[in-house]
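Structure incoming, see below.
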Amino acid sequence: MTENGKPKLAMYWAAGCGGCEISVLNIHEHILTVDEVFDLVFFPAIADFKISDLEGYPDGFIDVCLFNGAIRNSENEEMAELLRQKSKIMVAYGSCAYEGCIPALSNLTSKDATFNAVYLDNPSIDNPDRILPQISFEVPEGELTLPEFYHTVKSLDQVVDVDYYLPGCPPESPQVWAVLQVVVAALLEGALLPPKGSIVGASNVAVCEECPLEKQDKSITRFYRPYEITPDPTICLLEQGIVCMGPATRAGCGALCPQVSMGCRGCYGPLEGVDDQGAKMLSAIASVIGVGNPDMEEDELEQEIQAVVDTIPDPAGTFYRFSMAHSLLRRAKVNADRSGETQ
Amino acid sequence: MKQYALYPGCSLEKIAQSYRVSAIETSRAMGVELKEIDDWNCCGATAYFHVDELLSYTLVARNLAIAEKENLDFVAPCSACYKNAYFTKKYLNQDPELAEHINYALEEDNLHFTGNIAVKHLIEVFVQDLGVEQIRDKVSNPLEGLRVAPYYGCQIVRPRKDHEDVEEPQFFEDLISAMGAEPVDYPNKVRCCGGSLIITSRVAALSLVRVLLQSAVDSNAMVIATACPLCQVNLECYQEQVNQEFGTEYSIPILYFTQILGLSLGIPAKRLGIGTELVSTKEVLTYAQKKENDL
Amino acid sequence: MTEQYEPIIVGFLCNWCSYRAADLAGTSRLHYAPNLRVIRVMCSGRVDPQFVLKALRQGADGVMIAGCHPGECHYVEGNIKALRRFLLLKQMLRQLGIEKERVQLVWASASEGIILADAINRMTEEVRALGPLRWQDSVIGANGHKEGETVQDAPVPEEV
Amino acid sequence: MSEKVGVYICHCGTNIAKTVDVEDVAVWAGDQPDVEIARDYKFMCSSLGQDLIEEDIKEKGLTRVVVAACSPHMHEKTFRTACERGGLNPFLFEMVNVREHNSWTTDDREAATKKAKALVNGAVERVIYHQELEMMPLEINPNTLVVGGGIAGISASLELADAGYHVYLVEREPSIGGHMAQLDKTFPTLDCSACILTPRMVEVGQHPNITLLTWSEVENVEGYLGNFTVTVRKKARYINEEHCTGCGICIEKCPFKVTDDVFEAGLSTRKVIYRPFPQAVPKYPVIDTENCVYFLRGKCKACQIFCPTEPNSIDFEQQDEFLNIDVGNIILATGYDLFDVSKIPQYGYGRLANVFTSLEFERLVNAAGPTSGNIVLRDMETPPDKVAIVHCVGSRDENYHKYCSKVCCMYSLKFAHLVHERLPDAEVYNCYIDMRTPGKGYEEFYNRLLEEGTHFIRGKVADITDSARTDEEEGKLIVQVNDTLIDKQRRIPVDMVILSPAMEARYDSRKITQLFRMGCDFDGFFVERHPKLDPVATMTEGIYIAGACQGPKDIPDSVSQGAAAAARVAGLIARGTVYIEPVRASIIEEQCSGCRICNNLCPYNAIIFNEDKEVSEIITALCQGCGTCVAACPSAAITGAHFTNDQLMSQIEGILWDVGKGLESIKKVESVAEIGD
């Protein structure tokens, strides 16, 4: 804490949608307190900072860095490493930085398939020479460079050491403000910081605890996609056949989505002791499929259950919507021969 | 008019003319056409299979292939032909190399066996395809009081096909009751009639025939109905020799089931080939007399 | 050291049926592929899909879950839940590019040592034909950000 | 987590050492992290082997033990006790199966050794996460339920009752006695069956420790070893058991008769209000509502009118009663059914009058039977001159039952003897495949029959027909059989044929196994825990089986199994509390979100929802430890003792240590920040 003695705050926006920046500004009048308390030293989203400014700071100059967005290309990684070098506390802010989120869903396909869809065969593309972006390109004026597009999207903690995780897509503003208060209390009054690596701004019980919908025994005979059903708003959505990730996702958001009859998507990430949110939810939801009993013949049993399973067309996309990068398998094996398999 | 590919077999050419004639008459009366396969060959009967299995399969496969050309179900009135056709189709379906080998031979006649047609005994056409109810409706001259012993012979039920119970089949009895006649409880109905043994070891075959005749007498049957030309010959033509050999006086008429069925359908006896038997069938005809003349 | 690639398959065997079937195969000296490494669980219903993914991530080339036939589960219906999870997991594994032969569910009662031994042999050959999986190196490692390395035949993106 | 693990690799003589390089595995294990000491030893299960463990724990301060040897089903208990003796909690121990699952299944020494190392490494990684557990005490309710009042059920009940324990004996028929009550004599001693059975029945009827519930069936079973709650439906007898003296006047006066298909096997009739047989226990009759005129058309009531008791014992308004009884153990002795001989049409049963089943002949030859013991044909008058007895009807037969029913040879010999005894000049032909006389005095009994001049024909009967071929066969039943000893087809004319059908499992045995949550085999007989070493126990704790329900057997075996089951139960009751494996699930309340995914997963209803706390809870006593809910809980709030997620996850990592990452084992990557790949 040099010059004016105010703690230094930085926020960077890597592969993300910018919703996290908005969520910081969304803490309403508290933003004034933030401004009063903190000295914004690097916040490209709201003020014109340059990388050279960042490089100019001494190591550890920034007290708190809120890093949001996943690591999609080399620039994201370099900035992450640079910010880590320059910051005392690195916070993986929001689901992208914490566990890959929507960007990481591209791990279900490959870099070439992505380029193919974006730059080559696409109805709105006119690219006869089939030009693809290159990392470096010589022009008379000199060399033009672009960051390298990685095969696999990674979460922040897979490239640098992360101090705290603030889940949510985006994190709920009241949680953001609560975290900032803790940080301020620690920096100014020397209060104790939570142990390194812990998840802040979320509870360690599942969303169901905060969800007001009435819950009974679960026995599901088919699943519906949101457009296929208008659910009873007072009863647990999962029991009505809507895939709701609530049971396998941390609370903290106040169960906003289920209260408007939308199944929880799982953006606050898995609970303590769960290694893979997708597989865990799959296990829970499959166990309560209410079809098939021990007296049936083996193949009839399988057919009946398969019929229910078929009503979830995209299990990977549904169960790994936010935690793909943190899943045990991280990505799909792309050179597998999937020609024979129709989706 | 449902059509079938009729495979008459050698017996129906010569000694079993009456079976052939009565079969065609009764099937036509029941709305079924038995269309004889052209250029059919011998089916190998019971003997040839044990001499050369491959060639006997080829013989039968050729007949099946001809029937397949017209895409009609294969019908054999004689039990031996039926058994050979049934098992040829079964084994060729199970053993693709055998089928390929035989088809290679059939190409000479540009024939090809695929095995996609059904193989049926004539009695199955009546009992299964037409069904007892339909027959009962068509019976215009029910043979009340005529006690008939249903003699299946062995090859219809054995070796085990997909028939009902091999030991206690009932379909022949149902057919007889549909004719208005009375089927007799005939304990030896699936016992062997001696078959070709009648030539090779006469006394053994004759004793088997004797058992069948005695059993019919014990069950006080008036006539034995058969569904196989060889059984008919053994039972009828050798009654005389049985009597000489064992000092018995059997004189039981033996008719084909199609002949008795024909009578019940009101078809005159002559058109059913009745009258040429060695053992007089006059008594049987008295049961069919009533309605015959007003036809 | 035989050059031939020897797949490694992790087997979750339920204590009452398939584990005893494997014991029986042993006591009757049935020789079968030594590629299966067994983990004992009390019931196939205890096998969490996370275990399957963990085994694949740690380098297993295949995973076999073996339980009692439906209707014979010592805990009445543990195997039914295992079947439900397996059928949904199978669908997700295909999206993750894992061939369906790599993760199998087998029923074998305590007296069916032969059936389990045959299933192990069959699965070993099927996985051997598919080749090593080696998730850590060949999938996460290979698809890391090494410069310029492209992956040969990228699949057309699935329309869901 | 650093622990001091002791690893022991057993040679098992040569069983393991022949294929697994045990020394190499021990040396390799020695320098794995957390492994304090690694030894290989010839026979770990020997007392010396166990001492090794004990001493190492004491001297080296081991905190975990891993033994790589045979299947845990063999010696897990042995090594757990060894750990306990060494002062280590027995659950800080993990066993590795390198014999049945490894050395016995391959000759490839290299592969077996590699596999052994992987399995040992998996066990070492797993055992580090083991927690101390205590065996769970379980109070054993001293009452016992015995299902089935045949000789097996009776002997089990008497053994327990005499030992001073209370028994509920439930029997489906109006009286106990089972099939044995229908028999005349018993082989080989020719004791009269009723004479040796009825005293035991009376004993049961009068025993203070036995509550007899006849004409009753078990409807539902809940609970577990030591604490079963059984719902029994006591069907209405329409007789008030307090007042009825058993005088039998009602039976006398009842004007209606029906054929008795159950006890008299259809050979004679019984009244509509009836006792199956005179010595029935209990003595109270039963009204057969399907044939009783009162129940059909509301008239008669003769029995009530003539009943001498005050108040009247006949009570037409009586309803079925449902009793909930609490018992600690259950013994199933539900007996057997006879194979339906009409399924073999060529033997002519049902078509040929004088073809009898063995049960029908037992009634014929029984002094209390319909013919007071005179052996006569179906016309109930003419005695037969020639009798044929056919063994193995439906047994040892590809088309019906492949197994041998064990008792038919002996009772067929008994029948032959009874015919000789009652009809001295009758000829008896026994057609058998192999004469099986395995018991004490059985072979001597067979020799006795030989001396009595029985004709023994070694051949399977082809068929039985009444179509005679010679005068001598006229009017007779002709038994066609291929006499393999003289290699001739024989046609034996006889007057009477007795068929000895196979013993089959009860028609509803599958329903019973679902009711009591235990297993039955393909033929429907109940499955024992171990065919040789544990024939009366089942895979389900607290459920025992005895008698023919476990497989065909004769009276001596049924009695000894009944007593054996009783002894097992008495042992448990005597101990009062039993310690069972602590493999149970439990919910961490703080982590439970009340999502209720687990609520309907438990077949034992051990998971309930606490409405006010809005969390789910597990009744530890009811939980059987299958772990299905542990795997299903989406917030990992349910943990399964001895099979926790950490234990299994680390075991997975352990057994795959040699994959991909070359041979060095993967250092445990700390959970939170995984630095780059």
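Residue numbering begins at 1 within each chain, and the chains themselves are lettered A, B, C and D in the order written.
Throughout what follows, a residue touches a chain if its C-beta (ideal position, glycine included) is under 8 Å from a C-beta of that chain, and two chains touch if they have at least 3 such contacts.
All figures in this text were calculated on a predicted structure; none of them were measured in a lab.
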Set of chains adjacent to chain A and to chain B: D
Chain C-chain D separation of Cα centroids, rounded to whole Å: 34
- prompt: Cα centroid separation between chain A and chain C, in whole Å?
  reply: 30
Query: Measuring from the mean C-alpha position of chain B to the mean C-alpha position of chain D, what distance in angstrom results?
result: 53
- prompt: If you average the CA atoms of chain A and of chain D, how many Å lie between those two points?
  reply: 56
Statement: Multi-chain contacts in chain C, i.e. residues touching at least two other chains, fall at 48, 50, 54, 76-77, 81, 85, 135, 140, 144
- line: Multi-partner residues in chain A (2 or more other chains touched) are 274-275, 280, 283, 287, 295
- line: Residues of chain B that touch two or more other chains sit at none
Those chain pairs that satisfy the touch definition: A-C, A-D, B-D, C-D
Chain C to chain A touching residues, read off their complex: 48-50, 52-54, 56-57, 69-71, 73, 76-77, 79-81, 83-85, 87-89, 91-92, 94-99, 107, 133, 135, 138-140, 143-145, 147, 149-160
Of all residues in chain C, those that touch chain D in their complex: 1, 6, 8, 10, 16, 19-20, 22-23, 25-27, 29-35, 37-43, 45-48, 50-51, 54-55, 58-60, 72, 74-78, 81, 85, 111, 117, 134-137, 140-141, 144
Message: Taking the touch rule as given, give the residues of chain A at its contact with chain D in the complex, in rising order.
response: 157-162, 196-197, 204-209, 215-219, 246-248, 251, 271-275, 280-281, 283-284, 287-288, 295
- line: As the complex stands, chain B meets chain D at residues 165, 167-168, 187-188, 210-211, 214-215, 218
Message: Please output the residues of chain A touching chain C within their complex, sorted ascending.
response: 74, 77, 108-114, 116-117, 135, 148, 150-152, 274-276, 278-280, 282-283, 285-287, 289, 291-296, 298, 301-302, 305-306, 309, 312-317, 319, 327-339, 341, 343
